[in-house]
Amino acid sequence: MTTELQPLHGNQACALAAVAAGCRFFAGYPITPSSEIAEHMSHELPRVGGVFVQMEDEIGSLAACIGASFGGAKAMTATSGPGFSLMQENLGYAAMTETPCVIVNVMRGGPSTGMPTRPAQGDLMQARWGTHGDHPIIVLTPASVQEIYTETTRAFALSERFRVPVVVLYDQVVAQLLESIEVPPAEQSVAADRPWAAAGNGFQPYAETESLVPPMVRPGEGLRVHTTGLTHAPTGFPTQAPPVADRALKRLLEKIEKHRDVIDKSDAYRCEDAEIVIVACGITARAARRAVATLREEGVKAGLFRPLTMWPFPERAFRAATANARRVLVPELNAGQLILEVERLTAGRRPVAGLNRVDGEPLAPRQISDRVKELARHD
Amino acid sequence: MSAEAKRAPGAETAGGRNILVVGVGGQGVIMISKVLALIGQRRGFEVKQSEVHGMAKRGGIVFSHVRFAPKVWSPTIAKGEADALIALEWAESLRWLDFLKPETGVFIADTRRIVPPFACLNRQQGAVTAYAKATPAEVVERISNAYALDASGIAAGLGDARAANTVLLGCYSVALDEPLEHWREALDLFVPKAARAINHAAFDAGRTWAEAARAGTQEVPTMPALFSARGPAVKSELEINAAWCKGCDICVKLCPERCLALDKKQIAVLTKPDACTGCRVCEWLCPDFAITVHQTAVGAA
Amino acid sequence: MTEPLAFDIREYLRLELMPHFMCPGCGHGIALRALLWAVHELGIAKDKLAVVSGIGCSGRVGAYIDANTYHTTHGRPLAFATGLALARPDLKVVVITGDGDCLAIGGNHLLHACRRNLDLTCLMFNNEVYGMTGGQVSPTTSATRLTTTTPTGNAEPVFDACRIAEAAGASFVGREVTRQVPALKNLIKSAMSHVGFSFVEVISDCTEIYGRKNDLGEAPEMILHQKADMRPEAFGNVADQPFRPNRLTTGILSQHDLPEYGETYRARAALLRSGEK
């Protein structure tokens, strides 16, 4: 089967990809610039036997998604910064109870109401650390409409496979951009279901397994278990026994680390011989790629490292991409968030510089290439 | 006792009468005693009627002394001086028996039983009430002029069980040589217009019954046993899970039979197993699910 | 001899967790019995029963039920249940919430759950206080009552949850006290049999914290006063009875036959699909 080319808006591609991945439940609340996702889902889901519901707020939206996921549905919600802030408690609940769900956060200027119609990348750290306590999470950062499609389907696959909430993080520009994309055949997009538990003697819903991902119980089929956001023992019931609590949290974190080969995804462009590697994501990465091309024409050995899985940060690929670099530049639409992770991994081995924009405008390729040249003068 | 040997109701004395009407609140004791007083007055006697009903709620004891004679001094009838005892309730009829004139007193009673709550102190399922045990047959056997009838049943058959008092009045009326119209006129004074027809019918039915009784063709009604609690007798056992009990005291304080207590460790224990009726209040109200009531049928295989 | 519907609560409990963690005399255990008794009499299979609860003492009750139990976040059980019931119409979804969980932090979800009329049963255990956190004032704490955050007595007026639910469009609203266990069981049965959103306020007692702080007596005294003088000013719709003017109205307070949201949604979706074939 051949793929077909379709002109789609970013938010529309997100909705279509979700349905193709098998999403059958969407609960959301209107917020710029993500509302189109809800609108498309309200149109698509009843046609495939799914359910769309507009909730009273973003807290309820994620709660309803988790509730639907309890029942076995692949579920998604979409929002922007203020709504994402409201979702943080339930995001932690999904992580703790290992309930698959996909949260799309279309980033806009912040903090607070900020600039609802302008792009930003200010939620990178919130997406990783927004909810309280140590927790597992996967965050994907597509940079084009095509990638919104593929990363949204990947979000469902990862969320289901590892029973973890997955955040799809992109900005207002890509969200409302119209691009012709290749829509893969439906069968390629379908996300496999989470592992399901089968009834058996002595079943424990959070027992240690080889994959560290316990099979999930589908209600109504013979196993009756308890699900709680309290720290719980393998039995599912609350515990405060230090060794049990220790293992419970560590398993949550380890199940992500153990599967980094599947979860990690990044793109390195002309990094092999790069003396300066630009690390960027989303719309900024697109400008950076153009800057790299221009710089290369001008003889500057620049490269681009682009995490598609932002969290957990693809460390191994990053280290490989920057192995020969003398410098690293991190352009981003915030006051400096991604740079913190880059600095942590670089650990002072080479200088890391930032290029930040918080005025509601995207970075232009020229601004990035100029900054690279400015840095090169110091060498 | 043969019908011939039995005297007609009220035929024992000439002239004046001492009539004791008894029953419980709501039955119409006062109404028929007023009719009797009026009849006495019509016959040219001095009449005194004294009653106790003010403290009787519906279901409480009500009695009325009706005396008419050429001269009446005392408003009440002394023990052993009543020419007639008209009882609207079975246990009340027995309670006033010692007011009846020995040998000559006439006893007329409805066999209907209204069981007071204090006769149901034993709430064990299948327990018999403490209600008077004497049956109509036993009473009729012992008193020369006793008439026991299901007046409530007769009245109910006519359309309204509340007219049972008038059935008894009609029954007694054969004892006084008074024209039927006088009775009807008196009745009409005391019953609401809408109830006149049923009361006339009830009166006539009572009168007809008495005439037949005099002829010895009435059967003495029988009474089934009374149970204080519904259902067959069961044995109740309490299973108390001491490990779950937190000693909140709810079962102890809310048990209607007061058969539970807390022991030294503040755990509920059944102290009076024989008093337990298996009502399940303790099981229902135990917040800790520590009590389970098991019931088995007595005599079940 | 066994009765036709002999009910042994232990068949519905996770015995390995018993005894439960609630304080001596806590009304929530009695309310739980009434719920399980209703489930038993309705013949709902434990596999098909889903109990969603929030945070607080009421939130911890669900764990003891041998069913599909979900202990969610504070104030949000109705939202979680909305997703579960929409995704799985074959499950019987019951929400257990408390006065703080349902009316304070979760107040908005209550309003919209009432309005949406999805087939859910919401049991709000009202003990007038935040017990789990140590006895702070709640939206249903009666006037002048002492709590750890109203040291001079509560000065805030209260919510009447039933009137709120009715005004917000709940198609079934009822109230009962834990003192009347069979009546509470019957009310929950009616609520669970009702097609649409049903709201039941269960008047419960917090004996150890609220009762003690306000000198309301021990557990037996508190439960005996549930319907009479314990909450004189807490409810607007007290019965207009000359002898017991403060008596709470209980039983089914309102019931309407309104379109159920899930059914309506599915019917419209089916129509949409058939029109496009």
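The first chain written gets the first letter, and so on, giving A, B and C; residue counts start at 1 in each chain.
We take it that a residue touches a chain if its C-beta (ideal position, glycine included) is under 8 Å from a C-beta of that chain, and two chains touch if they have at least 3 such contacts.
Predicted model, so just to flag it, every value in this text is computed and none were measured.
A.B. asks: Taking all protein C-alpha atoms shown, work out their mean, then name the chain whose own C-alpha mean is nearest to it.
C.D. replies: Checking distances from each chain centre to the full centroid gives C.
A.B. asks: Using only Cα atoms to place each chain's centre, name the chain farthest from subunit B.
C.D. replies: A
A.B. asks: Select, from all pairs of chains, the pair with the highest number of C-beta pairs in contact.
C.D. replies: A-C
A.B. asks: Per the centroid of Cα atoms for each chain, what is the distance between subunit A and subunit C, given in Å?
C.D. replies: 38
A.B. asks: What whole-Å value do you get for the distance between subunit B and subunit C if each is reduced to the mean of its CA atoms?
C.D. replies: Inter-chain centre distance comes to 47 Å.
A.B. asks: State, to the nearest whole Å, the distance from the C-alpha centre of subunit A to the C-alpha centre of subunit B.
C.D. replies: 84
A.B. asks: Note the residues in subunit A that touch 2 or more other chains, in rising order.
C.D. replies: Answer for subunit A, listing residues that touch two or more other chains: there are none.
A.B. asks: Under the stated contact criterion, what part of subunit C meets subunit B in this complex?
C.D. replies: Spelled out, the residues of subunit C in touch with subunit B are 1, 3, 8-10, 13, 18-20, 22-30, 33, 178-179, 181-182, 207, 218-221, 223-224.
A.B. asks: Quick check on the complex: what are the subunit C residues that touch subunit A?
C.D. replies: Contact set of subunit C toward subunit A: 14, 17, 46-48, 50, 52, 62-63, 66-74, 76, 78-88, 90-91, 108-109, 111-112, 265, 268-269, 272-273, 276.
A.B. asks: Can you list the subunit A residues touching subunit C in their complex?
C.D. replies: 24-25, 27, 45-47, 49, 51, 53, 55-57, 59-61, 63-73, 75, 89-90, 93, 217, 219-222, 224-230, 237-238
A.B. asks: Subunit C touches which residues of subunit B in the complex?
C.D. replies: The touching residues are 234, 243-244, 246-250, 252-254, 284-290, 292, 295-297, 300.
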